[in-house]
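The structures considered in this document are given below.
Next come two complexes built around chain A: one with chain B, the other with chain C.
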Partner chain A sequence: MLDLIPLQWAWGIVLYWLLLAGASLLAQRNAALITAIVFPLGALGALAIAGVGALGLAGPSAHFILPIGLPDLPFHLRLDALSGFFLVLLGGAAFGVTVYAMGYFKSMAAEQLSLLALWYHLFLAGMAMVLLADDAYAFMVAWEVMALSSYFLVTTDHKIPEIRRAGFLYLLIAHVGAVSLLLCFGVLQGGHGAYTFDYMRSAELTPFWASAAYLLALFGFGAKAGLVPMHVWLPEAHPAAPSPVSALMSGVMLKTAIYGLLRVTFDLLNVQLAWWGTLALTLGLLTALYGVIFAAVQSDMKRLLAWSSIENIGIVLAGFGLSLIFYADGKGALAALTMTALLYHAINHAFFKGLLFIGTGSVLHSTGVRHMGALGGLIRYMPWTAWLTLVGALAIAGLPPLNGFVSEWLLLQAFLLSPGLSHHYLNMVIPVAAAAIALASALAAYVMVKFFGVVFLGQPRAANLEHAHEAGWPERLGMIWMALACVLLGLFPVQVIVWLEPVVRLLTSQTMTNAGNWLMLAPISAERASYAPLIFFAVIAAITLLVFFGVKRVYHGRVRRADPWDCGFPEQDARMQDSAEGFGQPIRQIFESFMRVEREMPDPFDRAPQYRGDSRDKIWLLIYQPIADLTAWLSAQAGRLQHGRIHWYLIYSFATLIFLLVFTR
Partner chain B sequence: MTTGILLQILQTLLAILLAPLLMGWVNQCRAWLQGRSAPPIGQPYRTIKKLFHKDAVLAHDASQLFRFAPYLIFACMVLAAGIVPTIANDLPFSPAADVIALVGIFALARVFQALAAMDIGTSFGTLGARREMLVSFLAEPALLMVFFTASLISHSTELPVIVQTLAHKQFVIYPSLAFAAVAFWMVSTAENARIPIDNPTTHLELTMIHEAMILEYSARHLALIEWAVALKLFTYSALGIALFVPWGIAPAGDLSALPLAVLALLVKMMLGGAGLSLLEAISAKLRLFRAPEFLGTAFLLAVLGMLTHFLLEI
Partner chain C sequence: MTLSYHLQVVNLLAALLLLISFAMLSQRRIVGLITLFAWQGAALATSTAIVAWSTGQHHLYWSAALTLALKVIAMPWFFFRLVRKLDVEREVETMINIPTTMLIGIALVIFSFNLALPISQMSGTVTRSTLGIAMACVLLAFLMMITRRKAITQVLGFLSMENGLFFAATSASYGMPLVVEMGVALDVLVGVFVLGIFFFQIRETFDSLDLKHMEKLKER
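Coming up: the complex of A and B.
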């Protein structure tokens, strides 16, 4: 009975969020009530569910049956280490974002805000239910609640046509994915007709049907996660949504897809085949590279971050594929190492991407501009936002001693261990595939220098930026929470890995052994590889301070202020800095074959020249455009039947009647 | 353990102090090869000393990041120098970071350099930052591939273990290491802003990369950056020595081998510096968009080295 307490609490918090969602509808007239009471209460719920998740992660798995649902189809709930881990991820990131939202939504009209708060809390409850569900029915209901509520969140500004279109695209792809998941569960039940996960675990599937289930799951969850080529909704939906919502969608909702993939592949399926891993690894690496290349050429800051999310999901999926390869090959210890790396990267991404999205939210709030070409120099007007965002940018660029580096380091170690595989070709090709991860993370550094440099550094590119105001305290607190998580996850990897052990054991039935001590991360053995971030950080900080004070003491600290020198060129202005397009131009030139670039060049004698360069996604043009055209053509053909003349409709009915009479005898 | 710590400190200090000397030596060799009369070998020390004495001139809009970056960059380079075995292989600090983390340290310094360059908002600063990031995103994977080849041979990413394995290797020559060495040379020219990717002596806007980023720095900040640049060249040379010609580096705990190790290091550095300046004297700087091809070649060579390792050496 004691084991059930965390699960009951988790369910209680879901109910509490649903209650808050309902309460926010009642507060339609009073915006202050929502930002001052509903959101803080929601944030408390997030913190509580993170705590419950931590308990569930460490404790034994528990399940119980809810007396709701259809008459003989109740909801089954279960809290085990895997759900616990993702609940911590959800709660931790959602707490920071919701605290931020208290300040961010202050200026919103009350009516709109109450609707937003309703969907926001439904969204949180839906995501938590996805993680808790223990049968296909509850899972799909929660999955749909999550998809629909996030659709309404994306279309908060539904008066703008582009946002409606973005929302539609998101809804469409979410549902194509959901259909695939329904089919996947249909295969998984293996003819029992019982849809609880317990039955699915015991179902004996032939390799063919197992593969079918896996492929359906990969497609369905891949559509949610943003796997290339199902990624097209991300760069549209994330810029459309309000920033805290983008932060939640990118940081947490994409992870629910990873959760589902892990649950189906490692928990529900009984057989795991090596080629599944190879497929996921290839797709993951492709997604990572494709995402980061497009991130480098964006000039809308939220779109840039959306593409960067695609990259990170690619890295997580590559880790998933590699782990699957090791697992199918019987290399449990290596599978555990890779699994640790991928879970680590998933939680890292929740925090740093959440931080970056809310950072852009503050910029957007105080300047009203999303286009990087009209920003610049904000570190002078918004120092808090700038420095906190810098932490996120450095973390996502995979720089030590922050958290992004730890997970990439673990993943690279796993890649280097693949010569232990028994396949002849795989053990040669996989270390080379590590090059793709290296390339993606080096490009991520490029992207982040572009993002931070263009938005926060340099001269303001527009006059109104000088009135940009700093974010308020709730916003700052939200960002500080996220930044702190990035730093702590970076400095204490050993503790995090010990904490992750139950999850890894549940999935791969082994754990990653750390041969180092509490300071030092050393997978496999200390001879093989080690990394001690705390020492690393302490030494860098010590040398920096030593040099700073040493130089000041030995010499002098005199400073003179002057105009910038710039090779002696006197007439410089803000327009001579690189624009976002300018900074991305080398990448566009190198990788032009991946994209379709639309350019509008000004005339050389033009007095007010306007240049436009737009890099379009080729996958959209090659896959989606033909499908859209075909659908439009088919509906046009079907439309011919509808012309509003009554006698034709009578003839249709008559023909149908005859048809039925002939064929149903 | 205490001798280890002492050696660690000694070795790091040696690197910090010798780094400008290596720079001076390379400049001297290049001047000879170009038929100029050479500046004295201690010129970099004098430049650094002069710069420290001057008043720092900062642009009106310079933010804290701009002032903080030189210290951080210098600290990163000191840390990197502390990880690479130069004279002894007994480094108590080296478990704190392996070769992948070493690449991370270089990346951290580079990102701060690029951000600081963009801070003032001059046209040259952003141009330099953009070019630097372009070169580095191609060079970094290639460098990692070189390290991966070495670590696949020695089953470790720890530099002392790699050095120990390679110093007592079982084959006379590893074909994979030959590929890796060429790739490493190509990458290190790019990372250290040398010809053919960048020219450290130019201030011509069409060609400069690294110099464009530090145009706005003066006095102590510039001194620290110049010193960090010298230290980076020294660390890369030491890395090349440690990976490809590790003979002479004193094994762990063997103090009697130290004098020989210092001598070996000096001779190897002299030869390496002379080789670098010779290659610089006979090659021309590449156009910027030739740099991807150059670094792509380096990357492919490193990958080939890795494949060679799998085909021939196991």
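Coming up: the complex of A and C.
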């Protein structure tokens, strides 16, 4: 009975969020009530569910049947290490974002805010239920709650046509994915007719049907995660949604897709084939490179971050594919190492991408601008936001001693440590894949230099930026929480890996061996590669301090402000700085054939010329547009039946009647 | 084989029903159409009563009474009032000219007789031979709905179709259970009233009861 306690608590918190959702609807007149009471209570729920998840991670798995749902079809719940880990991810990231939301939504109109709070808490409850569900029915219900509530969150500003369009695109792709998942569960039950996950685990599928289930799952979860070419909704939906919502969607919701993929592939399916891994690895690498290249050429802050999310999901999926290859090949230790790396990267991404999105939210809130061409120099007006965002930017760029480095380093180790796999082609391809991961990481750093440099450094590109105000305390606290998580996850990887062990054991029935000690991280063996973040951090900090004080001592110590070297050109203004478009231009030059570039060239006689370039991907035109055109054409053909003449409608039914009478004779 | 007198009467009434259906197809005036509809109802009620008497199915008396009350008295009276109020006593406008309609009608009758043959062989009722006529009545009423322009003639066609169905039910299986018949009767009554209200609304909106104006209601 004692094992059940965390699970019952988790269910209790889901109920509590549902109650908060209802309560926020009642508080329609009073905006202050929602920001001062509902959101803080929601944040406490997030913290509690993270705690419950940690208990579930350490404890044995627990089942629980909930007597709700359809007759004879109750909800089955289960809390095991895998759901526990993702609950920690959900709770941890959602706590920071919700604390931030307390301040961020303060200026919103009460009516809109109460609806937003309703969907927000439904969204949290839906995501938690996805992680707890133990049968296909409960899973799909929770999955739909998650998709629909996030749709309403994306379309918070539904009066703007583009936002409605973005929301529709998101809803469409979410549902195409959901249909695929439904089919996947249909295959997985393997003729039992029972849809609990327990039955699915015991179902003996032939390799053909197992592959069908895997492909359906990859497509369905890939549509949610933003796998190329189903990623098109991400760059549209993230700029449309309010920033805390983007942070949750990108940080947490995309991870529920990873959770589902892991659950189906490693837990529910009874066979794992190597070619599945190759497929996921290829798609993951493609997604990572595609995402980062497009991130490099964006000039809209949130669109840039959305593309960067695609890149990170690509890295996680590449890790997933590699782990699957190792697992199917019987290399358990390496599979465990890769699995550790991908789970690590998933939780890292939740925190640093959440942090970047809410940091962007603060900039957007105080300047009202998303376009990077109208920003700049904000570090002087918003120091808290700027420094905290810098932590996130450094983490996502994969710089030690922050968390992004650890997971990417582990993943690269897994790639490089792969000794002879039994498949020759794979042996040749995997080093190339490692190179692709390294390229994606390097480009991610490039993207972050651009993001941080253009937004926060240099001179303000528009006059009104001088009135930009710093974010309030709730916002700062939210960002501090996320930044702290990035730093701690980076400094204590050995502890984190110990903590991940139950999940890795559940999925790959092995754990990653750490040849180092509590201070030193050394996968496989200490001779090959090791990393000691605390020592690294101490050395970096010591050198920085030494140089700082040394320079202060040797030099006169006064701060002197002077004009930069101006090449003899008398005038200097903010327009001469490198712009977002300019910074991304080399990448655009190389990859222009994959892009659809829209340029606005200034008039030669314009005294204050403005250049704007927008790079969109061609996949929309190549894949989605033909499908849309075909659908429209078919519906137009069907629409010709409808011409408004009642007599013809009667003739239709008359002809049908006669036909059926003749047919049934 | 000789038929008993009451069956011969039923067959005669069935023939009359079919004749009235053709008469309705060829009728050019709305007032005449309503009179014919009333006569059709009367023939239906009489034949139902005779079937009830000859087979001892007492619930069919109720059906006959309902038919008489609704389709011979109440609805024709209602329609006469409606026509006078709406001022549409003039000619019925047709989509296809009347002789062609009659020819299509004959084809339909042959088709339904052909169709009813195997079914009436399976049926065990004494009135089974009239099934073909009943189906012909349904199809002819449908044809009338298709070929007329005015909304009011469509409703008359619809009611006439209901008559045919009723007759089919009586001849194939001595009618439906009484509860069902009561329900259908209530539906028809309510339907007629609702449609009567619609006629006023349609005329108010389009200044006419001609259905071609409703083409505007489609999308785009």
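The criterion applied here is as follows: the second predicted complex is superposed on the first by the 646 of 665 C-alpha atoms of A that agree within 3 Å, B and C clash if a C-alpha of one lies under 4 Å from a C-alpha of the other, contacts with A are read in each partner's own complex, and residues count from 1 in each chain.
By our rule, a residue touches a chain if its C-beta (ideal position, glycine included) is under 8 Å from a C-beta of that chain, and two chains touch if they have at least 3 such contacts.
Just so it is clear, the model here is predicted, and its values are computed rather than measured.
Trainee: In the superposed arrangement, does A:452 touch chain B (first), chain C (second), both or neither?
Mentor: Touch status of A:452: first partner only.
Trainee: If you stack the two complexes on chain A, which partner ends up touching A:531: first (chain B), second (chain C), both, or neither?
Mentor: first
Trainee: Quick check on the superposed pair: does A:488 touch chain B, chain C, both, or neither? Answer first, second, both or neither.
Mentor: neither
Trainee: Once the shared chain is lined up, is A:397 touching chain B (first), chain C (second), both, or neither of them?
Mentor: In the superposition, A:397 contacts chain B only.
Trainee: With both structures fitted on chain A, tell me whether chain B or chain C touches more of chain A's residues.
Mentor: B
Trainee: Please indicate which partner A:643 is in contact with in the superposed arrangement: first for chain B, second for chain C, both, or neither.
Mentor: Second partner only, chain C.
Trainee: Mind working out whether A:25 is in touch with chain B, chain C, both or neither, as first, second, both or neither?
Mentor: neither
Trainee: Quick one: classify A:661 as touching chain B (first), chain C (second), both or neither.
Mentor: In the superposition, A:661 touches chain C alone.
Trainee: Within the complex, which stretch of chain A touches chain C?
Mentor: Going through chain A, the ones touching chain C are 639, 642-647, 650-651, 654, 657-658, 661-662, 665.
Trainee: In their shared complex, at which residues does chain B touch chain A?
Mentor: On the chain B side, the touching residues are 52-53, 55-61, 63-65, 71-72, 74-76, 78-79, 82, 93, 95-98, 100-101, 104-105, 107-108, 110-111, 114-115, 118-127, 129-131, 133-134, 136-138, 140-141, 144-145, 148, 151-152, 155-158, 161, 203, 205, 215-216, 220, 224, 289, 292, 299, 303, 306-307, 310, 314.
Trainee: Okay, in this complex, where on chain C does chain A touch?
Mentor: 95, 111, 115, 118, 139, 142-143, 145-147, 149, 154, 211-212, 214-220
Trainee: Would you mind writing out the residues of chain A in touch with chain B in their complex?
Mentor: 376-377, 379-380, 383, 390, 394, 397-400, 405, 409, 412-413, 416, 419, 427-428, 431-432, 434-435, 438-439, 442-443, 445-446, 448-450, 452-454, 457-459, 516, 520, 522, 526-532, 535-536, 539-541, 543-544, 547-548, 551, 554-556, 558-567, 569, 572, 574, 576-578, 582-583, 585-587, 589-590
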